[in-house]
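We just call them A, B and C in the order they show up, numbering each chain from 1.
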Amino acid sequence: MNLRRIFPPRVVAVWLVIYVALLLLPTVQGITGFPLYNLIFLYLVFFWITQATSWNILSGYSGYFSFGQAAFYGGGMYTTTILGSRYDWDLLPTLPVAALVGAGIAFLTGLLVFRLRKLSGEIFALFTLAVALGIGALVQNWRVLDGGRGIVLGQLDYPDLLGDTTEMLYYLGLTLAVIALLAAYVVQRSRFGAGLFAIRDDEKVAEAIGVPTFRYKMLIFTVSGALAAASGGLHAVQVGFISTDVGFGLRVAVFVILMSVVGGRRHWFGPLLGAVLIQTVTDRMAGAGYAEANQIVLAAVLIAATLFLRGGISARLVERPLPPVLGFVLGFVGTFVAGYPAITAAAWGMAVGLVVLFVPDRFLPQRRSWTRGGSAPGGDGDGSGAGTDDGIEDGHRIEGDEVIEPSDPASPTKETGR
Amino acid sequence: MTVLLQTLATGVALAGLYSIFAIGLSLGWGLLHTINFAHFSFVLLSAYVTYELSATGGWDPLTTIVVTVPLGALLGLGLQLFVTTFKIDVFGTLIVTFGLFLMFEAGMAMQWSADLRRIPAELNPYFTSALVIGPIRVSMLLAISTVMALVTCLGVWWLLQHTATGRGIRAFVQEPEMAAAFGVNYRSLALVIAGIGGATAGLTGTVLGMYLSLTPTIIEVWIAVVFAVVLLGGLANPIGVMGSAFVIGMVESVTRQFADPALARLAALVVLIIALVFRPEGLFKRLVEEARE
Amino acid sequence: MSTTQTSTALLSCHGLVKTFGGLHAVDGVDFDLYEGEIRGLVGPNGSGKSTMINVLSGHLTLDDGQIRLDGVATERLQPHRIAELGMARTYQIPRPFGTLTVRENVEVAAHFGASEPQPDDVHDEAQRWLEFVGLAGVADELPDTITLHQRKLLELGRALATRPRVLFLDEVLAGLNPRELAHGIDLVRRIGSLGVSIVVVEHLMRVILDLCEHLTVLNFGKVIAQGEPEACLREDAVVKAYLGDAHA
C-alpha cells in the first residue's frame, strides 16, 4: 500500500494541527479560565463522534443499517461499570475489556445474521434491534449483571497524569474519537473499504468480482462493535448511574443514525460533521428547556435528510468546501465577539455555514473546475445524488456510438462545470 | 390440569392482543412496502385518546373506538399519501417512520408529560372484571381483545381472499405491470389497505389504553415482540399473524407460569432470533410471493 | 460428449445438475473449455444458459457434478474464491456499483479478482482497462449518467480488471445498434487475443458465427449439439429446438 496516497501530507498536517490544538485546550482552560462546561461539552462531542463513526463504518460503508448500536454501547457501559464497581478495577484496563465484549457481541450477532440465506436490509435492521433489546432484557432480569435496580459507578482510579475527571474524560474521549476516525479514514481509502462499498452497492456482484463478502462484513461489524463498546465504557464514568434504560434504550441508535444520515454515510467525516452539528443543537435546545421540541426538530431533520439529502452534508461539502467554512467562521466570530458563549456562537456559525452550503450554485461565484477522480481510490469524490441537482452535462460524451477518446491519464482532473 | 388450562388461556389472550397489534404492520409491510414504525405511535396516541375521553370526558372506555378507529385510519391514510408522494422505498419507510415515531413520542410527552396515566379503575370495568369459565380466569379486557383480534384478522383475510380489492392488491404486489395493464388502480387500493391498517392501530390503542399505565415511552417495550409476530407470521398473512401471535403468546405464558415471569419478554425475543436464523421467511408463508429474484 | 483432450481443458465440467423444485434447469451437462478459446453457448429461452453461468460462477450451488478450473475443484467454493481462481462474468442487465464512478467500479475489480497476477498499481491497472474498453473519457462519471452501451462496456472493463482466465459474457452485445455491435465484436476478439478463454452467451446468431470456433447448444438443460457452428446449427435436434418439430 502506498502510504503517501493514503495519507496525503497536506491533509495529515491540517488534522494534526487540529488534534494538537484540542490536546492543549484543557491547559489553556486552566490558564485563561474559560467556562469548564466547554470541556464537558467537547467530551460529549467526542463521545458522539466515536459512536456515530463506529456505526457508520458498518452501516454507512457496507450498507447494513443497524438499529442495534445499544447492544455494543450498553455492553461496554456495563462491562466497565461491573468491573469498576464490583471488582475495583482501574478505569483504563476496563476499556479494552469493554471493547472485547462489544467485539464479541458483534461477532456472534454477525455469525447468526450474516449466515441467513435471504438477508435483506430490513431484516438486518430489525434483527439488530431485537439483539439490543434482548440483551437489555437479559441484563435487566439477571441479578449477576444488574437485575433491574441499576448500578451506581463510584470514582474509578486512573493515572494522575490525566488530571481531574473532566480532563480525564476529555483526553480519553478525544483519544477514542481519534482512533475511530483514523479507522474510518484508513478503511475508506483501503482495499477493505473498496470491498465494503462494493457490498453496499451490489453484494452479489461484489462477491463475483472476488470480494470476500462474509469475512468483510464480519470484520467491520466486529471493529464497529469494539469501538462502540470502548466508548460506552468510558461514558459510564460520565453517566455515573447505569441502568438498562441508559444502556439499552433506543436513544443511542436514534442519535448515531441521525448524525450519520445528516452528516453523510459515505464519507469518513460525515458522522463527525453530524455529531458536531447535532450535539451542538441538542445542547443549546436542552439547555434552553426545549428537549421535546428538540426531539421533534431532529426527527424532522432525519426525515428530510432521508428524503432529500442522500449523500448528507459531507457530499456537498466535499464539492464546495470553502464558502460554508468561511460562513461558519464569520458566523462564529461574529456572535462570539458580540459576547455570546462559545457554544452558542458555534451554533450560529453552523447555521450560517449550512445556509451558505445549500445556497444554489448559481448564486455563488463560478467554479473553474472541480476534481472528482483526482483524489485517491475510493476517495472523497462520491458526491452521488447529493442535494445538487445541477446535473452533469453530457456535452461531448454521448454522441452516437463513437469510441470515446481516452482522456490524458496524467491529468484526471476533468471539466464538468459550465 | 388447571394450571395448564390457565396457561393456555393466558397464552390465547396474549395472542389476541399481539395479533391485533401486528396485523396492521404486517399488511403495510407485505402489501404496501411500508415498514411502519409509526404504527406504534398511532397505537399509543389512540391509547391516550381513549384515556383522555374516558378519564376526563367520562366515556365508557370501550365506546372510544368510535373516535380512535377513524383517527387511526386517517393517520394510516396520511402516511400512505406521504409515502407515495415522495416515492419512498421499503428501507426509506423504515427510517422515515422511525423519525415520525420520535416526533409523536416527543409530542405526546409535551401533551401528557412523562407521568403515568391510567384510567381510574371505577371507570374501567373491563380491566377489573374477569371472565370465569370453570377454574380458568381471563381478564375481561383480554377476552374482548381476543374476540376483536379474531374478527379483525378473519375480516382482513376474507377481504384479501374474496373481494375485488383483495384480488387487485395481491395481483399488484405479485406483478405490478401486469396488474396495472389490467386496470388495477394501486393507489386507491393501497389507500384502502393503509386505512384498514391504521384502523387496527386505533383499535389496539383503545385496548392498550384500558390495559396499561401510559407513558410516552411505554410503547417501546412492545416493538420487538410485535415485530417478532409480524416476521414470524409471514407478511400480510392474517392467519399467519394469528398463528405466530399464538406461538409467542404461549411462549410468554409458559415462561411466566413455569419460570421467571420477568423473563417472558426475553423468551419471546429469543424465539424471534432463533426463528429468523432457521426460518428467515417466517413460520408461515407470506400471503403474496413477490416476483423478485 | 466430452472430447479426447479432457486433460488439457482449462475449464472442465462433468455431469452438471441443477434443479429448481422438480425442474431440471441444468441436466447432466458436460462442458470443456480450452485455453484461448472463444466458445458460443446458445439455446432457446429457458434452456439453462443463465443457470450454467450462475452455477459456474458459484452463485448457485450445484446439485451434482464436477467443475475443474485448471485442475482445481470449484463446485463447493464461494463465488469470491472462484473469482480468485480467475473466473469472471458480466451481467445481461448491467449491474454497476451505482454510487461509485466508472473508474472506481473498475478499480474495485482490480483490487480484488484473480489472486494471480496481482496488479502493481490498482489505479494504473484500472486506467489500462478503461482505455481498453474505451471508457477513459467518462471515467469520472457515475454509472447512471452514461449510456446503456457504455454501461455494457463497463461490465466488460470491470470483468477484465479482475484479470480472468475464463470470462463469461452474458448477452453483453444484446440491444446494441449495428455500429455498437461491430465495435463490441471487435472488442471481444481483442480480449480473446489477450489469451482469455471466453464463453459467449448470445441470442444473435450473427455474433456467434462471427466470433466462435465452437458452439455448445443447450435445450431443456441438456447439451443437444456441440462442435463447428455451421454443422451444429444444421443438426435436427437444434432446428427442432429453435423452430419446433414441424420444421425438422
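Quick note on the criterion: a residue touches a chain if its C-beta (ideal position, glycine included) is under 8 Å from a C-beta of that chain, and two chains touch if they have at least 3 such contacts.
Note that this is a predicted model, so its numbers are computed, not measured.
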Name the most central chain, where centre means the mean of Cα atoms. A
Computed over C-alpha atoms, the centroid farthest from that of chain B is that of chain C
How big is the gap, in whole Å, between where the Cα atoms of chain A centre and where those of chain C centre? 41
So, in whole Å, the Cα centroid of chain A is separated from that of chain B by 34
Chain centres from averaged Cα atoms put chain B and chain C apart, in whole Å, by 49
For chain B, which residues count as touching chain A in their complex? 29, 35, 86, 88, 90-92, 94-96, 98-103, 105-107, 109-110, 220, 223-224, 227-228, 231, 260, 262-263, 265-266, 269-270, 272-273, 276-277, 280-281
Can you list the chain A residues touching chain B in their complex? 65, 112-113, 115-119, 121-123, 125-127, 129-131, 133-134, 137-138, 140-141, 148, 249-250, 254, 257, 261, 292-296, 298-300, 302-303, 306-307
Quick one: in the complex, what on chain A touches chain C? 2, 191, 194-195, 197-198, 200-202, 204-214, 266, 372-373, 377-378, 381-382, 384-385, 392, 394, 397-398, 400-401, 403-407, 409, 412, 414, 416
Inside the complex, what are the residues of chain C that reach chain A? 57-59, 78-80, 83-84, 88-89, 91, 95-101, 103-104, 107-109, 111-114, 121-123, 126-127, 130-131, 134-142, 145-147, 149-150, 158-159, 162, 176-177, 179-180, 183
